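Quick notes on the structure that follows.
Chains: A, B, C, D and E, in written order; residue numbering restarts at 1 for each.
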Amino acid sequence: MTQTSDAPDVLVEVTDLEVYFPIKSGIIFDRTVGHVRAVDGVDLSIRRGETYGLVGESGCGKSTLGKAILNLEPPTAGSVVFDGTDIASLKGEDLRHARKRFQMVFQDPMSSLDPRQTVESLLLEGLRAHGLDTDTDATRARLRELMSDVGLPVAALSKYPHEFSGGQRQRIGIARALSVGPDLIVADEPVSALDVSIQAQVINLLQDLQDKLGLTYLVVAHDLAVVRHISDRIGVMYLGALVEESGGAELYDVPLHPYTRALMSAVPVPDPQVEDTREQILLTGDLPSPANPPSGCRFHTRCPWKQETLCDTERPQLRVVEVSGASDSHRVACHFAEKIASGEIQRHEVEATITTPGFGGPDAGPTAPPEAYIGV
Amino acid sequence: MDDNTGPSRRPTLGDRRKERIDALATAGTVVDEPGKSLLRSAWERLRRDPVFLVGAAITLVFVVLAIISPWIAPWDVTANPLIDKVRPQSNPVPGPEPGHLLGADDRGRDLFSRLLVGSRQTLVVGVFATLLGLLGGITLGALAGAIGGFVDTVVMRIVDVMLSFPALLLAFTIASLAREPSQWTLIIAIATTQVPIFARLLRGSMLAQRSSDHVLAARSLGVRPRAIVFRHMLPNAMGPVIVQATLSLATAIIEAAALSFLGLGNPDQRQPEWGQMLGLAQRYISEAPHLAFYPAGCIIVVALGFTLMGESLREALDPKSRR
Amino acid sequence: MTQATQHSSRPGAGSSEPLLSVRDLRVTFQRQGEEEFHAVDGVSFDVRPGQTVGLVGESGCGKSVTSLAIMGLLPGRGNRVSGSAIFDGEDLLTLSPSAMRDRRGSEIAMIFQDPLSSLNPVISIGRQVTEVMERHQGLSRKQATPKAADLLERVGIPDPKARLLNYPHQLSGGMRQRALIAMALACNPRLLIADEPTTALDVTIQAQILALLKELVVDTGTALVMITHDLGVVAGLCDEVNVLYGGKVVERGGRHGLFRDPRHPYTVGLLNSIPRLDAARGDKLSPVPGSVADNLPWTAACAFAPRCSNAIDPCTAETPQWEGDQVVGFRCFNPMGGTR
Amino acid sequence: MLRFVVRRILQMCLVAFVLSMLIFVWLRSLPGGPVSAILGERQTPARRAALEAALGLDQPLHVQYLRFLERASQGKFGVSTKVLPGEDALQVFLDRLPATVELSLLALFLAIALGIPLGYMAARRHGSAVDTGAVIFSLVGVAVPVFFLAFLLKYFFAVEWNLLPVSGRQTTGLDATRVTGMFVLDGILTREWDASWDAFKHLILPAVALASIPFAVIFRITRASVLDVLDEDYVRTAEAKGLTARVVRGRHVLRNAMLPVVTTIGLQVGGLLAGAVLTESVFSYRGIGDALATAFREKDYAVLQVLILMGAVIFVLVNLLVDIAYALIDPRIRTR
Amino acid sequence: ADSERSDDGGGEGGGGDGTFVFGAAGAPEMFDPFYATDGETFRVTRQMFEGLVGIEPGTAEVVPELATEWTPNDDGTEWTFTLRDDVTFHDGEAFNAEAVCYNFERMFDQNEAGQTAGEYWGYVMGAFSNDAENSLYQGCEATGEFEATVSISGPTSGFPTMLSLESLSMQSPKALEEGDANGIAAEGEGFSFPAYANAPVGTGPFTFGEYDEANGTISLARNDDYWGDAAQTSELVFRVIPDESTRRQELEAGSINGYDLPNPVDWAGLEEDGNSVEVRDPFNILYLGLNGEGNPALKDLNVRKALYHTLNRDQLVSTQLPEGAAVATQFMPDTVSGYNTELEPYAYDPEEAKRLLAEAGAEDLTLNFAYPTEVSRPYMPDPEKIYEALRTDLEAVGITVNVKTASWNGGYLDNVTAGKYDAYILGWTGDYDSPFNFVGTFFGNLKENDFGTEAYPWGKQLADDLKAADAVVDDAERGAAFETINQQIMDEYLPGLPISHSPPALVVGPGVEGVVPSPLTAEEFDSVSVGGE
């Protein structure tokens, strides 16, 4: 484990971050009738050199949070202080220049590479945008270095993305992120589109690069095992907010939030013996709509430990709890975390409720016919 | 590298394994096969597609004819060698005779030559109308797609209104707005009908590009917005537009014919154009239907050529239809 | 054919007669102007009533094509299927289309990966369930409706009566997958083929669906062919596991045996590639190097040889033969462990 | 749903208002005008001026438009100068409407009845000779000028084989009772079967000519749409359920494939109105298209204004209906 | 309902029962000829109405109709009409001098809208009651039961010939009164007409039946109380068939019995099929208008003459115009009195033309030469074809032609009036047999004419001469005066270049008899009978 020293050197400090997407509707002119609360009040800090993992179910706002941290999705409220500057309030050229310090790696290695650019021009683009390509020889050397960093032959520079396999494309994506020499890399599901063997290759690569370049990672994934494998600290997200945060091993050993427990127990392990004996906490129902989140604790509708009081009225804040095995960097947002840990509160059945996906978007008209025929 | 924490034992791999990993990782051979470029595989498919080949052949013949017709036409299209044979009642359109394969029109001009040379105007109108339409459509679509927001709303409302007008009616309106009809009125009128189609198409694919990861990636790299639009969004969004342009050529030719048939074309009717020839033929439809038949046939065949080509191009480029 | 294996005990594998017996299944795609491509290259396996058989492998190894070939659902043109798939004494591959239609949905049912796109968006859930019963059990729509509600209830959809009237878009991903399963179960099929039924779902939902499938197999004695690329899923669910690579089964075993003592380097590689929740952080994973694109043709070599850390000379010169029987075995010149 | 309808109707009003202004300005900015249409060769500057003054055309454009609005607010849309002089333009429209409705309905019916099955067939046999043949046939439908097609139809069916009447709406001298103005319907309502039959015979040829373009469009959309749907996962699911081919085809493929087709049909109404201009003229069919052609040629401003505006309104209304119909087929919209 | 075809009526001669169905190219505007302006309306009203004077069938000659005779006073300002005494209107009202004067006063006394709408009255009479001193018409007096005296402000060649105009027909005073015939009003951009406009009551051989607007048919019934010979068919139907080739097909299918303006191309074919094409004598003139204002070179008479010599009008007439068309020698057809038979057509002589141009220093003359689209007139069935021929001739002598065009109602006429073209093609169809109706229309109004004669030194002279000639009371004298003027126009002025006269035709199907083609396209169908198949 590469835990940093006692005096944490914080690289990114996220305070009270909110990202709301307006839902528009209206008779003649659209007006906002509600919001999708994709990210709904997140506090977190990422230390220099660490890997922070973010897990949660699909649609809980992981990607949005990741993008908001990089100001690729303008936050509705809150601040993101990156090494002393508030990125969330940056705009235009300032923001563009600041981007040199933080980069992103995407989930789908194909769609995140412009199919019409050679690898070389893909990589050069970042250099150019930040005026790093002044010297031709140095640039060439830099490109070579990048390629060898991500384990691709130099010959690949002149090829197009479609000429590579999935894993290789992801390497190109990583090289692109590295090209401008960032401190922070936000990786949004960097391996979930890949086959297991390729996935492992990329995970290894990410780790190697971190060791070599001293990078800080924010890794977003829905696969708890992957996150657990690469992260120093893990944040568990549910419906736009963090419900638990702790060191990786500790989270596995002492999960405090009911949701974390359920999540943990749901991950299948490729070992029949474990599988046969594993106790599963089966959640009922699905993630509620972020456009209309439940009151109080967001998880109370599915929580097997839900209590009559508090849960559906008051929204729990992240806090450090006194539970054996939990360190003081372990925070959880549950009113009854201690009682659940001590066994005082027992699990019970939950009646499933139906969650209707989607949210009243604007009146979508009928699908248009193929455009090509309109002219006839 | 041992997995002592894991509950099950796993065989450790031999030394060769490390070698192999290293070798492969550094060599990382670039594979050619799996992602054969869409264009290349499309071409492979097209090369064997009889529909495409027929379409392309028709188009090619037409284009070549249009280019060389003035030199190979047996007669000057403005001359009226058979004028003295024309008698409004007894011989309104002189029939075929040696030297005049298809006879003459109602002013004694060689019909075959006019048909041949007519391809030229038709091509010019079709191509320029499509080009202009492309230009307008790309501008509007790119504006809407790149800027978004209010600009998008306004541009798209306009485009929707234009789209809801039947194309021919719209073209007719535009053409009739011109104080003096000319070939350019015709071209502009038809281009106008194409603009909303291209604009919507481009805007749609621009929007798709805008929310695509590779654009987001460029943005996160700090690439300047203008470069994003011109280097990433536009080139990638152009595919469907190009295919549509092929199909639009057919529509443009048909529309041009219809408009000049209605008398909105080049006022100088000496230069032959198929639609205008059709229009003239209308007076003789009872007595000399062949006068209408030839240009109508030409229009159909050429439109067919472009359509077949465009359709198969579209199918070839559409990954969905690659079953 | 003997039943005994040294590795696994088989709950529910009571009957000795296989319900489905796939032998030497080959599917060849031939697209205009392209070379022949063997998507499935001689796959054989058996499925017994009440048994869950897993087909695992990386993307493109032919899992889906295998299942579609058995169901007779491969897209119309450009493919050739050979071999046999004996179901209940009849070869499904040679059945007439109409006879096949009679079997599909009643005796053999299938669940697909993407629950949204696999449901017809404009037809209510209820109708989509009842139409199977109308078709195969000769019920009227009226008669079928209460049964459909029961079915939905059985697959764990709350308030089933109301759900019957819902459309797919009104349900969440998990509910949709349940509805699909309800459709598959409508006529109590004897064989259920599930092609990556949980890949599109979240882990918590996946757990729900897997629990449901497990329960079904136990309760009804339905045989289940589980297609997945997730070895974790296989470990929890399957009695027998077939590992596919490049269109061939490269290893087969009971789940306990296979996970404890994998023989084929590919299986080992897969296992080593998976980060485990119960493992410590920081250990390097040991993945299979390279990618599927490096494959060699099976006809003259072991397709896996270029990626194989155990490869020896014959690997690139001959096709490895199946070592073992219909219950356990592998296809390798230089297997791991080497106890055999 | 209701909100959706209200929204669309309000939008339509807005569009109609803006359109009325555009049309107003457009017409008056065209060269020429009703004055030359009325005076012809006898036109002199003085007579022109007198007539313009009498018709109020000498006023500044905005004054004219305000006057127009004022009259329109009283339900008067101006008086026809040439199409049916002295008649209120709205009345002209209402008089001509039934004829065009009757004709368009039949044409649309023909286009649908032919286009959808053929499109489906072509898609099922994608790439075969049947498919290519159908595509070519549809293209001919688009590319053949209406007058030429009309001539051929009339020549063979009316003149040579004497099966159908050449033109018009009803045989002259036939003493039929008029109720709705749709002659076929009138005949049915009054039980004058021969009148109805006679009117129907008059409809066939123009309807065929008018249907040629919508047919081609519907055919091509159907084909493309069926091709798309055949690829969908849910069709495979339906097959996996062992449903009969008929059910798969009807309930699963066609129903989904119809969605874009329905929209197209709505869009075709605009095309039908445009197509009616030529078709009605060559078949001496007294409908809106014929009125529009005359009004344009003779610069009958009031009639042109009303016809274009009403055409747009009809178009929007039909598309509203189509959208409602669409919502009925597509629960994704209905249950929103 | 009765679905009998229209063509199976019997042809038993006088008072037969047949129905004559005529294919009209356009719909009538209304049925009060006074406010009407177009031929399609007049064609219908002509069958129901009669004027004081009529036109001899087949000619342009004025003959007695409702008046049996008329005599002017010496200075030609008072005209006494002796009326028929055996005439009643369709509504049973008696036709007498009072009715005549009622009609004149009705026409004279128009409100503001009526003054604009009463186009023909304004055209021939010059003014209405509110501007009485400028009006040709000064009053009408019933000097006996069947004798009416009409006074006019001065003598003119047009009076009383102009009374043969359809617009000036006699209508039933009672019906006029009841139908509020003068209650025309300007509304919006048009005129709204009183009820009478759709319920016409005249004295003619046919009475108004109904206008089936929805089907585009107008049916008239035989007037059994007609004072003259009763119509040969019991019903007369006009069917509106705008498309030319459709009219032909309808005729071929036997569903109409005749139609107007058959395409010259079809004449032969129609005849072959057993129809008869009745060619009318040309009563029109096609000319090439020139505008010296726009192009000063054209102010030179030699240049205009040169242009005239370039035109190969013989070829034009023989190859582009229907048989029976003739090369024009002056601005009127030979059927009009005052036609100068001595005039010879300008010869086709490109060499001479070149010489004249060179002499005038206008070798590289450039002309903005225009033709109208979307129109077909009796004098130019297909303007573009004629234009093309003329243009070819002009270009042959080295003149540069800029092609200009606009649609007839879409700016062409306006541009001609506004002098926007250097050269243009236009023409005129006579309203009645009067030389002034031709040359007077062209050059009589100095301020406002398309030829811009005001700018020429002789312009005023010509206008004055024309007025003087028109005021000559004696027919022969007047004819001579106009002949002189015609000669001057052609030899000395040449304000424009008269091209040709074209004969319009009409065609009737087999079995139809009694159609007498009229140069004025003023056929009366009461004499038409419809035979069997």
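To be clear about the criterion, a residue touches a chain if its C-beta (ideal position, glycine included) is under 8 Å from a C-beta of that chain, and two chains touch if they have at least 3 such contacts.
The structure presented is a predicted model; accordingly, all values stated were derived computationally and were not measured.
In summary, the chains found to touch both subunit B and subunit C are A, D. Of all chain pairs, the one joined by the greatest number of contacting C-beta pairs is D-E. Greatest centre-to-centre distance from subunit A is found for E, with centres as Cα means.
With centres defined as mean CA coordinates, subunit B is found 44 Å away from subunit A. Rounded to whole angstrom units, the spacing between the C-alpha centres of subunit A and subunit C is 31.
Centroids of subunit C and subunit E (each the mean of its C-alpha atoms) stand 91 Å apart.
Chain geometry summary: the mean Cα position of subunit B and that of subunit E are 51 Å apart.
Along subunit C, residues 169-170, 259, 271-272, 276, 278-280, 283-284, 286-287, 289, 291, 293 each make contact with two or more other chains. Counting partners per residue, subunit D has 30-31, 142, 151, 259, 267, 330 as the residues that reach two or more other chains.
Under the contact definition stated at the top, the residues of subunit E that touch 2 or more other chains are 245, 249, 374, 406-407, 410-411. Taken in their complex, subunit D has these residues touching subunit E: 30-34, 36-48, 50-51, 54-57, 67-68, 71, 76-86, 88, 95, 98-99, 151, 154-155, 158-159, 162, 165-178, 181, 183, 187, 192, 194-195, 198, 281-284, 286, 290, 293-294, 297-302.
Here subunit E touches subunit D in the complex through residues 1-6, 19, 21, 26-27, 29-30, 37, 112-113, 115-117, 119, 122-123, 186-193, 197, 213-217, 219, 235, 237, 239-243, 245-246, 249-250, 252-253, 255, 374, 406-415, 417, 426-429, 441, 445, 447-449, going by the rule given at the top.
Contacts from subunit D toward subunit B in the complex involve residues 15, 26, 29-31, 127, 132, 135-136, 139-140, 142-145, 147-148, 151, 227-228, 231, 267, 270-271, 273-275, 312, 315-316, 319. For subunit C in complex with subunit D, the residues that touch the partner chain are 71, 73, 100-106, 109-110, 112, 114, 117-124, 131-132, 135-136, 167, 169-170, 180, 183. Those residues of subunit A whose C-beta lies close enough to touch subunit B in the complex are 67, 70, 72, 96-100, 102-104, 106-108, 110-117, 125-126, 129-130, 148, 151-153, 155-156, 159-165, 168, 171, 173, 176, 179-180, 201, 271, 273-274, 371-372, 374-376.
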